[in-house]
Structure formats: C-alpha cells, structure tokens
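There are structures below to look over.
Same chain, two partners: chain A is paired with chain B first, then with chain C.
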Partner chain A sequence: MTDRPHAGDKTFGVEAAAMTMRFGDFAALDKVDLKVRPGTFHALLGENGAGKSTLVKCIMGYYRPTAGDILVADREQVIANPKDAHALGLGMVYQHFTLVGAMTVAENLVLARDDVPAIVDWTREKTELAAFLARMPFKVPLDAKVSDISAGERQKCEILKQLYLKRRFLILDEPTSVLTPGEADEVLGMLRAMVVAGDLTILMITHKFREVMAFADEVTILRRGKLAGKGRVAELTPDDMARTMIGAEELTVQPARSGQVGKPRLELEALRALDDAGAIAVRDVSLTIKSGEIVGIAGVSGNGQRQLVEVLAGQREAEGGAIRVAGDLYHASREEMRRHRMSLLPEEPLKNACVGGMSVADNIAFREFDRAPFSSGGFWLNRAAFRNDARKKIAQYKIKTRTPDTPMAALSGGNVQRAVLARELGSKVEVLIAANPCFGLDFAAVAQIHAEIMAARNRGAAVLLVSEDLDELLELSDRLVVMFHGQFVYEAPTSAVDLTEIGRHMAGH
Partner chain B sequence: MADGGIGLWTVPLAVFGGAIRVSTPFLFVSLGECITERSGRINLGLEGTLVMGAMSAYGISYLSGSPWLGVLAAGITGALLGALHAGICSLPRVNDVAVGIALMLFGTGLAFYLGKPLIEPTAARLPAIDFGWWSDIAQVRAALRINVLFLIGVALAPLLYWAFKTTRWGLLIRTAGESADAARAMGHSVLLIRLRATMVGGFLAGIGGSFLSLFYPGSWNEGLSSGQGITAVALVIFARWDPMLCLWASLAFGGAAALGPALQSVGMTSGYHLFNAAPYILTLAIMIITCSPKRTLTGAPAELSITR
Partner chain C sequence: MTTDTADSAAAAAIAPAADPSFLQRHGQAIEYVLIPGAALAGALVVFGIFVALFGKNPLDLYFYMYYGAFGTWFSWQNTLARAAPLILTALCTALPAQLGMVIIGGEGALLIGALAATSAALALPWAPPLAVQFAMVIAGIIGGGLWIMLAGALRQYRGVNETISSLLLVYIALAILNHLVEGPMRDPGSLNKPSTREIGAANMIGTIPGTDVHWGLVFGLVAAAAAYILIYHTTFGFAARVAGGNIRAARIVGLSVGKLIMTICFLAGGAAGLAGMIEVAAVQGRTNANLAAGYGFTGILVAFLARQNPLAVIPVAILLGGISASGGLLQRRLGLPDASVLVLQGIIFVFVLASDALYGRIGFLKGKG
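Now for the complex of A and B:
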C-alpha cells in the first residue's frame, strides 16, 4: 500500500479554520470554524442548506474553498482532490451509497483500494477479506450482490470499506437516514466503541438529536452557512440545539387533532404490484382508511412502499387486486381523481408531480387547467386566471418564488413541495396520499406541511401517509402499519405502539 | 461419394459457413460496443467506424502488401474515431447518442471520400485456415475454410468475459458504467475510463471493418457495410451486455443472414428475399419475447443514457 502519513498507527484530529465557500454571489459557507479533536465522536448539526455538506466536501477535496485552511493532525494541508484526503487517512461515508449495486460486496471492497492489482486473484482476496471481517465488529455477506442486501447491510458495508482502507478519520453524512432505529443504534454503537477504543475519530452530519445525545461527544451547529454554536453534548439539551439550528424563524403551528372518524373512504383489496425488474414488490395488501383519519405506513425504503404509492397515483399498473374509493372501483383516471377529490403528495415532487421547465403558475394549475375559470370550452386557456390563482396560492402557502412565471425547477426543494401542496390541498380534499412529503426539507417547510396534512384530516379527508421517518409517522398518524417485503406485517393504533416493536417488524423479525 | 451429392445437407452447411463469415464483423463491433457500453456510454458511431476501418484496411493493405498492417491501421483509425466520440462527450451537456449519429455520418462520408481511388485496385486479402482438408466434398471444404479474424474474435469473447470479472480494468469499466458517483468517490476519472473504453471499442470495430474489405466480401465499395455497424450495436442490447452472449448472438445473426443465399443455392428461387430478412425478423422476435413494458432491461449498465 502507498505511504499514509496518518493512517494505520493512531487517531488524529481535523480542523477547519475560517472556511468560506462562495458559489457566485451566494455564500454557502461564511468563515466557519470546526475543530474535531482526535479520538472523539463529533456531530455536525444544521438544517438542509445550512452548509454541512459543503463544509465536509471542502475538507474532502471535492470543492476548493474560496478561503480558509484545513489542519490535519495540527499540520496545515492542501487537499486538492479526494485522493489527497484519502492519502491523509480521511474517509467519507456518503448519504447516498457509493457501492456499485450490480457487483458483489467483495468486488466493491477490493475495487475501492488504491492498489487494485491488474489481475485480481479472487481466491486470495477472499481469504484476506474474510480474515479482515473476522476482526471487525460487524459482518456482511461477501459474495452477495450489493443490490440484494438490505440498506442496513449496505451502510455497514460502506463503513467497513473505509476501515478496510485503513482510514482513521471518518466523515459520515447522515448515515442512519435509511436504517431502522435498531440498525442505527447498532451501527453507531459499534462506531462509538471504536472511537472509545482509540481506533477512530468521527465527524457525523445529522439532524437527529437523539443520535447526537446518545453517541456524540461534541457538536458544531451551522445555520445558513455560518457557525451558530458549538459545545460539549453533555452540557446541551435537544431544545438548545434546535433553537440554535432554527434561529428566530417562526414555525407554522399544527392544528390539534379534531373531528370524527367517518365511513371507509379508501380501500385496498389484495393489491399486488411488480417492481421495475419484474419481481413482486407489493404482495396482496389490504387496508381500509376512513375519512378523518391518517394511516401511516412505516418501513425501511425498498420494501414496496414506492410501488404501492405509484399504483395509487396511476404511475404503475396493478398486477392484481382492487382499489375502491367511497365504494367505487378506482383506476386512477383523471375523471375519477376529480370525482373523488384525490390528492397526491409524492416523494421527489419535482420529478413525480411537476414539470420542471414549466412555470410555477402552470404547475399549480395542473389539476384544473382544462376547466373554468382557467379554460373556456376546454380549449382556450385564460392565462390571467392562471396567474391570479397562482398569486393567491403563492401568498397563502408562502411559496418563495420571484414571479408566478418562474420555472418550477428554479425553486428550492421546500418551495417545490409548497407549490405541490398548494395545488393538491388548495381545494376540498377527500383522499390524500402522501409519500415522504418532508424528505430533505427544512424545519419551516416541515412544520407547514405537517400542519396542512393534519388540517386536511380534520376537514374529513382519508389520509395515507407513507414515510421513512418514524417521528413524523408517530406525530401525525392515527393508525400505524409496518410494511416489510411488500406486505403489511404489523398494525396498531398510534397511541398504543411500541417503538422497539415497530423497529423489529421493520427489520422483518 | 459424388461431388455435390449431399442434397439438402447443403443448406445447413452453407448456413454454418455463412454464419462464420457473416458473423465476424458483428462479433468485433458488438464486443467493442460491449466494452464501451459497460463503461456507461453508447457509441452509435460504430457504423462510421466500421466503414472507415474497411476503407483504411483496404488502403494500407494495398499500399503495403500486408493485410495484417491493414488490420492494424483499421484498428488505429477506429480508436481515433472512438477518441473523437469520447472527447466530444466529455464536454458538459453533450448527448452521446446524438454525437454517435453525427459520427456515423461523418465516418461513412469520410470513408467514401478518401476511398474513391480504392474502388479499382485489388489489395492483399486476409488468410483463412483450411479445416476441411479431410473431406473431398467441395461444400464441406468451403464451409470449413475459417478466417483467422473469426478465430481471434471467438477467443476474445471469453477473454473479455474473464477480464470484466477479474482485472482491474474490468472492474473500473463496470464501476464507471454502473455508478459514476461511486467511481468518482473512489477518486477515478470517469471521463478517462470512458475515453479508454470508447477507444478500445473503436479499435475492435475498426478491425471488424477490415474483415469486410479484406476477407468477405473482400473488396472496397460504398455499399460494403449496409448498416452492419448499427445492427451490431443493437446486438449488444440483445446480448444483455455479456461478451459470451455477444458471440452467440453474432453467430445466430450470421446464420440467419446466410439462410437466404443457402436456400437460393439449392434452387429455391421464390421468396428468398423474405429469407434475406430472416436476421431482422429473428432480432425483432427475440426482442418482443424478452422485453416487457413493465420491466427494465436486466443487465443494463445503470449509467447508460438509454436506461437512465
């Protein structure tokens, strides 16, 4: 292996001093200081867009900072690209996996090395890998294809890859976002043990206070590209940290749960659907949602939730079973959606619910554009009506856009979701289907979306909420269902659920 | 045993011989394209590369007297065209399919322009090995005269299959084709990997072209390729990006293409034009049987612009 000045022997710290990163006029980072002391577990907190990812990408050499210095083991270093960072013993585990799905775990591990031999002797490599794994706290199946193993195993695999490469300073970018609470505790607990044993130093990007409180020694908090606070975790409470993260911004207040549960509104009868590879993704699931209730579907991503939502949205054909809305068979046609006042908040709204190149006003009018007042005779469009309606909704839903004519793709994630919210919830709603509606959004947007979903429920809508965020499900749902391998494996009223029980079912036990 | 007395056996024999002859250019182009596509890029310009390869091989063989120098020249020409494709595709917001179509027209046009003086002269041709020496039936001997390039191509398919699994370059090409992000996160230059894969792909396609002008049909003219390059690109999809399946697909396609002429030779005169369409009907039929609107193609490199 190549000479690694800091790898292999002992742990070391990393420091960033007065880091500034500008993209044009916009300062993503403004003189931020970060000090990660050797042999500690350091958390980097901040909302989406606060500059956490930019900061670590500067440290890892993906970005060249506009100004500022990086110190590795108290020595100033110029890190021009990720290879320099790797040579210094720095490794990063990304939020989106960087494993190659079509290859085996063993292939992925060997591939990551700097010195892959021209011809790989797989017998020898596998013996060595097995010996390496025997020394590690977690196990992964070496011969399995990465696309076939669970998200938890993939995350372990990413971390093992860094350890296999003898990196002693790990940056983890939201490492638990795709894990069950049990898996998250297992992975972080093992990493914590390695830090305590003096083998590692960790910098973890996160927005989960629970994990900061349980595993981190110190925390640095960013807000809008600036250093907002730092300190020892033992001396802070989650409330302190949340206030530092959000600043003075006022959040929408969620209305209280009210109203009566009514008649069944949305019924799934033995619904079955395939995934893109032709395998069964949704296995004969049945569920009844009444008006005035929110049913939450929990589960680790990739257990059929996406396909289920796509069938309900009309983006995928069901292989079997039936959907009934208010007793009528439902095939997701435009006429049926209108008649039953179906609304949909799909995940990745820019991709699944918007046309990025069309204006905000056009996107907001998608549901109603071919009827009065937007259109006369179903043919001539009345542009003024589009703009007036959009202006009204932009104000009502606090959508930050320069004009109603700005293309949708130019808006931030939170504002795209607000625009979809305005379209889907702007008139009366009887059935609402929401999938990860708050993924990647900031506190203000999350609070507003949660408030709108609750308000729709209180007005008598039947709500199906599919989410990977358990906290969100526990906060909003009246009833909770766990989905695993395409089936509903657990169901309970939210008031009676037990978090460990839910976690166990999410992991398929 | 009288000469020519083998009756209907003529047809399978002719199909066998034809399969080998016709499949060779398909084999080289599809193996080359397989490498390029596994790296995450599609090069539709291989039709142009094939024709340029045929022209340059013929020219160099004529000028030097050595058909093998011609083959090398065809390979180098192909690699240069591959570098051009990869170079243009390295620029931001460039679509590889569009560049490929442009290069297809550029390659064929350039070959016709430069190849004008080569239509008349006769160049040295590639040798064949006589595996039919033991038989005294003319048809058997004809079918078993196997060209050397075909044998190289047949050896190349398992070699590539092995290389994708067990060499550093194989792993890097697959990584770039399956997840550019993963390759970048490991500090590799995806553009460089794709440049090399496209150049190697062009090199092999150029050699496929040299077969056309130096063995079968064995002369240079403008109607030489008639879309074989583009068909070979489709063969790769049909073969699910697997070099071994590329070999079988090329043979099946070659055999089907030889069916028409073989039937003609035993005296079937009516409807043999229909049999000339056999390879295309075969491809269409297999495509319809194996594809479904509800599934994505299995084995497709995830970074390919047709699957993304």
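Now for the complex of A and C:
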C-alpha cells in the first residue's frame, strides 16, 4: 500500500459493512455492520463467542473476511495483513501486555517502530521521546524497566506505543482486565479526553457495563455472530444492553443467601509459598473460613492469589505455615480431599483441572474413578458406569457435548467449566475453593456457576472465592479480603465495604 | 435502539449438526494408521534413492527386504525372534510416555537386566532349571526396573530431565557390564571375548515347539497385552493417563504423581530388563558385550512408530524385526554394507518424528471447526 492517507495527526472513522466470516460451515460473523464515527469512543459488546474478536481481527487484517467491505475514513480499503492496517493508522492494544519486561519503556517504544535503524542514536531518540511525551496527556517513566512498573503504567505504555507509532484509530481488547478500578478509570478517562479533543477514535471490546456507561458514546452489540443491536449509550441502560447480549436464553436463578454461619472449616496459618522463580508470592497469610460463608479474595492478578490457590489445590508445595481443614492438618492428598469433601474450581479449567485428550466422561470421573461403581475392587475400570454417570451429569449441568466420549478439548470454555462443576459439585461439598471460576464465560454459564456456589454455601460449605472481578466478589461474598504483594491487607464484611477503600488497598496504598 | 432478530439464528445454532461423514468420525483412528504408514513409505523411498546411489536397483532392494523378512517360514522365524526383545524394549519407552515422560534408556535396562539374570543363574547352580529360569525372570525385571526407576527418581525428586539421564545411564550400564565381565565375573576360559560363565544348557528357555522361535516372543506378547490392559482397563492406568495428560489436573484431584512415576518407570525398566534376560537365556547363554546389540535403541523407534500404544508395539516390532532380519540377505545379494539397515532405521526415525506435525492437519479427515 503506497498511499498512507491517514497516518497523520488527524483521526478518522472506520466502518465495516456486511462483514461475513466463515470457518468451514460455521459463520463466526454473519453480515455484521459496524460504524465507528471519527472522534467517538465506541464500545463493542457481546458474550464470549459472539464474534467481537473475529470482527476486530478482520479489521486489523489478521483474518481475510469471507465477504464484506472495510471503509477507512470513508474510503474502501483492502486490509490484507496487520501491516496494511498499521499503514492506515489503525492500532490495537491487547488484553495482555506485549512489552519486553527486561527493557526500559523508551527501548520498548523505539523497538516497536517498523524502521528501527541498525544503530540507534539513543540521545536523539530520547530527546524526541521526551518531546512526544510532553504532548501526551499521560506520563510514563521513560528510563524505568517495564518489569518494575505497575500494571496500570504498562497499559499506559501500550497505549502510548500506539500513539507514538502515529496510530489515530485504536482498538482496545478488554484493556482494563488487569487494572484496579482506579487505574482503569484513569486510563480510560485520559483516552476519553483525547477522543473529545478530536485526536483519537476508539473502538473498545469490553464486557464491563460500568465502563461503557462512563466512557463510551456509542455501542454495538453482537450475539452469535450477528448484529444484535446498536445505539447511543446515553439512551440505554445496562439492563437494555444485557438483554440484547443474552437474547431469549434463560439464566439460572441464583438462590437467596440462607443458613447459619457454623464452625471454622478451613484455616490458613501463616501460610507461605514461592512463585516459579523462587520469590515469595504468599507471605505468611492467615485466614479462617467458617462453614456456611463465602470469603472473597480481591486483588489485581499477580499478587499471590494464584500461588495461594495452587497450594490449596495440591499443585504447589507450601514453603511454610499450615493448612487445617476441620481442625486436621491438610496436605492436599487424595485421601484428605475425600475425607473433607474438598472441591476445587480453578481458573482456566482446561489447563488446570482437565485432560483435553480424554473424554468428557473420563474427566467427570477424575474424583471417583477408583471407587465403586466406577471400578471393581479399586482396580478394574467399569466403562459403563463412567458413561452412565456422565450422561446424568451432562443433562443435569446442561453440558453441551455431542457424546460423553467426545474429547474434553472439543468443548467450549463454558461447557468445560460446567463439566468441572459437575465433577466438583456433583456430590456433597464441605470446602469449596474457586479461583476466577467465571473468567471468559458467557452469561448463562456465569449465572449457573454463581448459583451453584451460592447453593453450596447455603448447604453449609466453607467457600473461598478468589476473583479478579470485583462485581462477582461483591455479589457472592459474605466477607471480603484484599490481597496485595502476597499479604492480606484489608478485610471487611461485604455489606460494609467501600469500593474506593478496596481500590486503594488493591493498589497498595 | 434498533434490535435485529438474532433469535432464529440462535435456534439454528442449537440444532444438532448434520452427521459427519465416515472419514470425519473415524478421522483420528485413520490418522494413527495413515500417518505412520506414510512416514514408513517415505523413508523407504529415500532409502531406495540412497541405494540407487550405490548403483543398485531399488526394486531389488524392496524385494529382498520383503523376502528376507517375511518371504519364507525361515525368514518369518528369524523376524519373530528379533521382534521379541524389541516388543519389550519398546514398552520401556511406551509406558513412561503415558505419563508424558520420554525415556530412551531401554538399552541400559536391558544390559542391567541381563547381568542380574545371569548372576541369578550363576548363584543357583544346584537349583532345578525351572526355578533358575524363574529366578532369572525376577532378577531381570528387578534389575532393569530399578535402573529406569533411578531415572524416574532423578526426575521426580531432583528435577533432572529423564530423557538425558536415562540415555546417560545406558553408558553407565555398559561400563558396569564391561567392568564385571572383564573383572569379577569373567570366565577364565573366555579368551578373545571376555564373558561371564555360561548359565548352562539346561537353564536355557528353549524354543516354541515346532519352530525355531524362542519363548521370548511369548514373554513379549504377554507383556504387551498386560501393559495395554494396565493402561486402558485399570484404575492405575487411568491415573497414569490423567497425570500424563495434564499433571496439574492430576494434582488437583489429589493423585500421587510421584508414586505413579516411580511405578511406571519400574515396570518400563522391568520390561527392558526382561528383554535382557531373554537374550541371555534364549540366545547368548552368558553375558558379554554382544548384548549391547542396539535392541534398546531400536525399541525407541518401535514405540514412537506405534504412537506409544502397547498393543500397536507388537506389529511394529515385527515389522522392524523383519527389516533387521533382512540385513543379512541385503548384504549377500546386493552387496550392501551390513550397516545399511541402520541407515534405514535412522531415516525411518526422522520421518516418524517429522510426521508428528501432521496429526489433526489432514484436510479431508478434519471435523467441522
């Protein structure tokens, strides 16, 4: 592409007309129209698998759409690969960071350019970068190493990188998923200011209605690959948008909070754990969870929550301290898990709790396969029992799979988590540990999982819920704890928590 | 707000997909036969080119290979006798593979198993032959089993890569064997080729009636069938497949991964050790450096070609036993060097490893995405 009409300082709009993208017989996008007006903040809403990413990837040239046109600044363009998109001034910020941790911010910015010279004149580059930063609404420390700066600053770096590369139309893919609410507001607020000033046009993929309501001008909603609705945010309520996203599907109704808080069931005593690099990730934390209560652990990811859950799940050795379940020391052995009726709902269930190559029926039987009726004498497998039990649970937990013998990896994320739910909550539960159990799942799956967690609590289970989603924690928890740098820095009954207070502690202030 | 009707599309999406074709339903099974078969064929073509460079006719080559391996009853017996240890050494790689481990030290376990079996026989000169043979089997299994368990323990408790440790253990095993047969265990009568004393003709396991194939073949077949049943029909095998498929999933349901690793490594090494015992009790009659004939290494090839499936190991071992059995004929009729068979094995291995990238990518076998 020789003409670069838009790689300048003026922003522009992008329009996708009748975009269709087929993978084999499956239409990921079916004649979807999207119009992002120049100088607006546009939100793209939809459940997982609704086609948001596919649409954006077509615009950015990662996919060649089966049919449909893309108009950039009202001119039809063929975008064959991401390079073409960049040349037109389109930029994308991903959910996860694409910065090199061991290099400084300045180095990362310069290296992102297409035309890095063989020998970089750093003095000149730094002067230019400083001049560039002076024109920008947000600042980042140019000489700091990326690994030393906070997640919020890294996200700012990603956005600055796009602006530095003179991209005036930005696509943001769930940009705030790793930020505290405060950081998210700050970053989006600054972007919003640039949009209002006419320097930038933004298309943001998100599932947070709060952010849509606060920052977006217009919204486009997709459902199952089709345009489900669009409109001006000012004229809509979150309820309208949610209903458009879900369609006619019925959601599981969450049972009301009931029952009494009982005796202490799960106790952590000065628990300490290391991360993979050998640094202390969990610093001598203590916590008591009683039966019939849900304790939520909030925190920005990477503050030790994952290691804490791994210790409880038997995936990591504790470095010090003790775990007690119903008063007994606990080492995550199979016998103890059984005796105490422990259940675990880990994040990314396919990675953490399933074997993708084994069948759905096999995966559902992981906890019980060495007992009757799944095996005779604790030795000989009884295949028919696997299939019968799986059939029952597939129906009960609404797992969408062709047969019980289908490999687990062939299921969608929501259905994998439903299968794990069936395995973990299929019998009586006394201790439940859940970590981001709804991450990346659709409304129906989320509603079902929340209902099951609440039901387990009401039946007297002690529940530890670790989540990066504050709304989820506020909805389910009886008590809320904030984890920062491997320690519990704040604790309060959920009914008494203050959102700004939590945000402050999440950020470590 | 303008709302289009996506509900009709929703209904369509829930409706069951049309029945996939036969090819798509059995795509995976077909792949497991088709891809190794194609890799083998590709290797034969390349080997044919290699032979053509020597000025020989590749078609003659293929004919003599077939004839030397499966052409006559005599060549069949030769092939089966060679297949027996290959089945067992292949299990030494295929069993740990169920746990996601790559063990390539079957040769070492074979040598230690042979030493242990020979020692057992020499320690029981007064015992009846059946008792001696039984002791040899037990000693061979325990010797080989402990040897590979060592690699498993290094992996589990010290984080040492089991592929490298098991390979290096082969050289240690060979050194131990050489030390013993040239020193403490040497038969003073073995002048040119240092060896242990013979276990005695009465203690040899003999041949299957009506054939020249020794009983080792039956040992191999039974071991392969037992391994298959263990992996696919018992709770132990199920636990091993869970741990091999995803170790994090195994831990979250409380399976003791360390115990699984140690047990599987013992059984794997035991199989190779049994191969060593058979080589002593059916072929050599004593232990010496002849035992390091490469069965352990060819077993790796067999296991990979069989996709680590204990039952598929049997036909593949017969196939590769045939290739090595035809080596002599190729040498006599085509004047090819004896090592040509090794060249072919090497080419096959490269093709098999490269063909791994093809699984799930063959267009006409793919299900709907």
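By definition in this document, the second predicted complex is superposed on the first by the 500 of 509 C-alpha atoms of A that agree within 3 Å, B and C clash if a C-alpha of one lies under 4 Å from a C-alpha of the other, contacts with A are read in each partner's own complex, and residues count from 1 in each chain.
Here is the rule we use: a residue touches a chain if its C-beta (ideal position, glycine included) is under 8 Å from a C-beta of that chain, and two chains touch if they have at least 3 such contacts.
Because the structure is predicted, anything quoted here is derived from the model rather than measured.
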Contacts of A:Leu381 with chain B and chain C, given as first, second, both or neither: second
Partner contacting more residues of chain A (chain B vs chain C): C
Chain B versus chain C as contact partner of A:Ala118, first or second or both or neither: first
Contacts of A:Ala313 with chain B and chain C, given as first, second, both or neither: second
Partner chain in contact with A:Gly225 - chain B first, chain C second, else both or neither: second
Partner chain(s) touched by A:Ala18 [first = chain B, second = chain C, both, neither]: neither
First (chain B), second (chain C), both or neither touched by A:Ala455: neither
First, second, both or neither for A:Ala102, with chain B first and chain C second: first
For the chain C and chain A complex, residues of the former touching the latter: 1-4, 6-7, 9-10, 13, 17, 233-239, 241-242, 245-246, 248-249, 251-256, 368-369
Chain A residues within the chain B interface of the complex: 81-83, 86, 92, 94, 96, 98-103, 107, 110-112, 114, 116-120, 122, 274, 276-278, 317
Chain A-touching residues of chain B, taken from the complex the two chains share: 166-169, 171-172, 174-175, 178-179, 181-182, 184-187, 292, 294-296, 298, 301-302
Interface residues, chain A side, partner chain C - complex: 23-26, 30, 223-231, 235-236, 240, 244, 247-249, 313-315, 332-338, 344, 346, 351-358, 362, 366-367, 369-370, 375, 378-381, 402
